[in-house]
Amino acid sequence: MEIFGQLFLNSLQISAAYILFSLGLTLIFGVMKVVNFAHGEFFGLVLLLIAIIVPWINSPALPLALNYAIAGSVSILATMACGWFLYHFAFKKFQRDMVGSFVLSVGLSLLMQGLFLEFFGGVPIKLPDLFEGNLRILGGAITTQRLILTVIALLVAVAMCWLIAATKLGKALRAVAEDHEAAMLQGIPYRKIALYGFLIATFLAAIAGALLAPVTVISANVGSDFLIKGFIAIVIGGLGSIPGSIIGSILIAVIESVGGYYFDPSLATLAMFVITMLVLLVRPKGIMGNG
Amino acid sequence: MTTAQTLLKVDHLSRRFGGLTAVSDLSFEVQAGEILGLIGPNGAGKSTTFNCVSGFYPLSDGRVTFLGDDISNMTTAQVCHKGLVRTFQHDSLLSDMTVYDNILIATFSMIRSKSERERRVHETAAILNLSEHLQEIAGNLPHGLQRMVSIAIAFATRPKLLCLDEPLTGLNQTEVTGALAIFRQIRDEYKISILLVEHNMKAVMEICDRIVVLDHGVFLAAGTPAQIKQNPAVISAYLGKRA
Amino acid sequence: MANSRNTTLAVLTLSLVALAGSLFAGTGFAASLVIWVAINVLLAASFRFVQLIGELNFAIAGFVGLGAYMSGICTAKLGLPFAVALVSAALAATLLSLVVGYITLRTKGPYFMLISFAFTEVLRMIYTQIEYIGGNSGMIGIFPPVLLTDYYPAFVVAIVLLLLLALYRLEQSDFGKVLVAIRNNDAIVQTVGINVHLTKVLCLAISSFVAGIGGALLAHANNVISPGDFSFLLAVYTLAYIKVGGESHIAGPILGASVLTLLAQVAMGFGPYEHIFYGAAIVIAVLLMPDGLVGIIRKLLGLAPRAQVTARH
């Protein structure tokens, strides 16, 4: 029972981050029909900026929580500006061009990682813990800060799902995702909605980064590992499907935590790939996918 | 006089998508040497029937036989080899290739020799009035000619049954008359039967030997154009729908 | 058409020049560069061949790796003749691609890309687990036969030219037309009686055959191979060559691979900026040169631009 509890907690943590990440990825795909391979770099950018800012403004007079809050906010804003910039100068021209946008995003991802490496250097950084303490829940151990961050992440995810399901913006996003021509006929401003979708997705990746900053080892290519898993999650779940991305993320998280616990992590990744191949063979458009 | 040969037999065909029944218990036949019209208001299940018959959708229930062979579970390519070929309403041709190549592709699985294929392409193009446009990119042609190209592709395989999915959409009156003449030529000279899904009622009444009417996925009526025109059930289905 | 005869003459001349030049490349840095460019050209051409059916073959690294390892085993472990190494590399890659392609080509677009990427990573991880081929550290001692040592660049260029010719002829043939038709609208191709799935599998198999040989040539050029050489990054670099060179003609991969490989050498002189270089190359090519260098040349020569073909997914 203890092992169950531990695995449950591990899966919960991991899936929270993946859910935020893949929600954004699948949103971009749904609204713009773009496969954004550079999405991970937003996540990475936030982490790297926080890794620079926190030590920089650190002082005995500044409570750590406030430090993180400032660093987090600044990084998220900077990353969203970056997202806006990329949308206008790159992705806007490649909407509904899956191949073109994918290739472009691959190039961007490579370019950004190279730049990160240049400015950040190759040495990974671990930031100081935000909260101290451990808890035991359901027989498993979890640090207090991981628990708090996970809960916040899940709340953000829930808020996002609510936004998509219940608000006017969310309805517009869904309309465009389902049939953008029909949406335009109904007077929905497609370009604006696409921009909002892209920015929301960027925000999700950014906040995932901010929430993970205290608990992750930060390096220049931290985004790409996340990206691959996020990509797997949304493809398994079905491109463009919100529930699909959640299912996919949970599945990936469970494989990672179970695999990492009983076997070694690289074997877990191997299992993830094999399972991906199997799912796609049985359901070529993902579990909830329908094109 | 020999009895007409049954080409296509649709037997209690049903097709369901999740909770929705698109076609239910549909049965009809296409005889050799006839042009059969499949009509019905929007959403009647015509396209679904087409897709089931030509191997694009599996059947939920029932059977489709072609010249005695059960083709219910055959792939589209296999169905083509049996002699049944279809056109598409949308995305109906290879828009980035020349008209020549569009028709040529259709000859590959049917003809071995290069010179034979060339001959088939030219002959097909001539029937469809495309001979002057062979070297043009299909996607750049005006809509009417594009329709002709999509019919040419299917016709080039010299099937036994040609299934045309709304071939007259967007054609003006002159083009429609021209198309109908071509259909007659295909039926009479090349002995190819035609299954026609169409919304253009005037054309349907003019060209079809028989008509089958669907409504809400169910068989409504069948008969000659004269019979269908006077059929009260058909009239109310259309009037009620404003198709 | 006089135009096409001129082109053929030009191509023939260039090829002979390339071949002759490579005979004098010697065995130093120039030789390595020639080999490197040639193999990159080959891989780019292989990747591009699958683009004819509208797919991005991110599994290419897997087949290159298999060819490399297969030939390495033949040469370094089993002491078999070089010809056997080459043939077995090609065969292994082709056979594997037939099996994998039959399964994975049921998917399309981003799904196919992901499953191909997954396949590459799985293969790579398998290599790291097998002691016989050196595990994570890789295999060493893969040398071309003594007779070829001085002329290895010329040999590589010759093989690459032959394979390029074969790929070009295939693309221009009726088979090539079917591939392009499939990319355009595979429903129509099915309707006229062609087994689209098997055709796609065959296309992938041809590309993998070439990739396998490329892997073998690579292994014998570097003399050392390890699993890390055959990762997703290899496919991305190949993609860069094609994007810069242009997709619409087989000259594209040739131009793109040559230009980028040579430019990379220059850029490398300023520091380890590989990722930035290739990333920027792709971004600039996609945003500013949609038809690549080939497109620019077409414009300069006053030729009509190729119709933009996008795969429908």
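As written, the chain order gives the labels A, B and C, with residue 1 at the start of each chain.
Throughout what follows, a contact is a pair of C-beta atoms (placed from the backbone, for glycine too) under 8 Å apart; a residue touches a chain by one contact, two chains touch by 3 or more.
Quantities reported herein were computed from a predicted structural model and do not represent experimental measurements.
Colleague: Which other chains touch chain A while also touching chain B?
Modeller: Shared contacts of chain A and chain B: C.
Colleague: What is the chain whose Cα centre is as far as it gets from that of chain A?
Modeller: Of all chains, B has its centre farthest from that of chain A.
Colleague: Report the most central chain, judged by the distance from each chain's C-alpha mean to the global C-alpha mean.
Modeller: It is chain C that sits nearest the middle.
Colleague: More C-beta pairs touching across which pair, A-C or B-C?
Modeller: Between the chain pairs A-C and B-C, A-C carries more contacts.
Colleague: Averaged over CA atoms, how far is the centre of chain A from the centre of chain B? Could you give it in whole Å?
Modeller: Roughly 48 Å separates the two chain centres.
Colleague: Which whole number of Å gives the spacing of the CA centres of chain A and chain C?
Modeller: Distance between chain centres, rounded to whole Å: 33 Å.
Colleague: How big is the gap, in whole Å, between where the Cα atoms of chain B centre and where those of chain C centre?
Modeller: 43
Colleague: Which chain A residues qualify as touching chain C in the complex?
Modeller: Contacts found on chain A: 29, 35, 89-90, 93, 97-100, 102-104, 106-115, 117-118, 228, 231-232, 235, 239, 266, 269-270, 273-274, 276-277, 280-281, 284-286.
Colleague: Can you check the complex and tell me which residues of chain B touch chain C?
Modeller: So the residues of chain B in touch with chain C come to 54, 56, 75-77, 80-81, 85-88, 91-97, 101, 104-106, 108-110, 137, 139, 153-154, 156-157.
Colleague: So in the complex, which bits of chain C are touching chain B?
Modeller: 174, 177-178, 180-181, 184-185, 187-196, 307, 309, 312
Colleague: In their complex, what parts of chain C are in touch with chain A?
Modeller: Against chain A, the touching part of chain C is residues 54, 56, 103-104, 106-111, 113-115, 117-119, 121-122, 125, 236, 239-240, 243, 273-283, 285-287, 310-311, 313.
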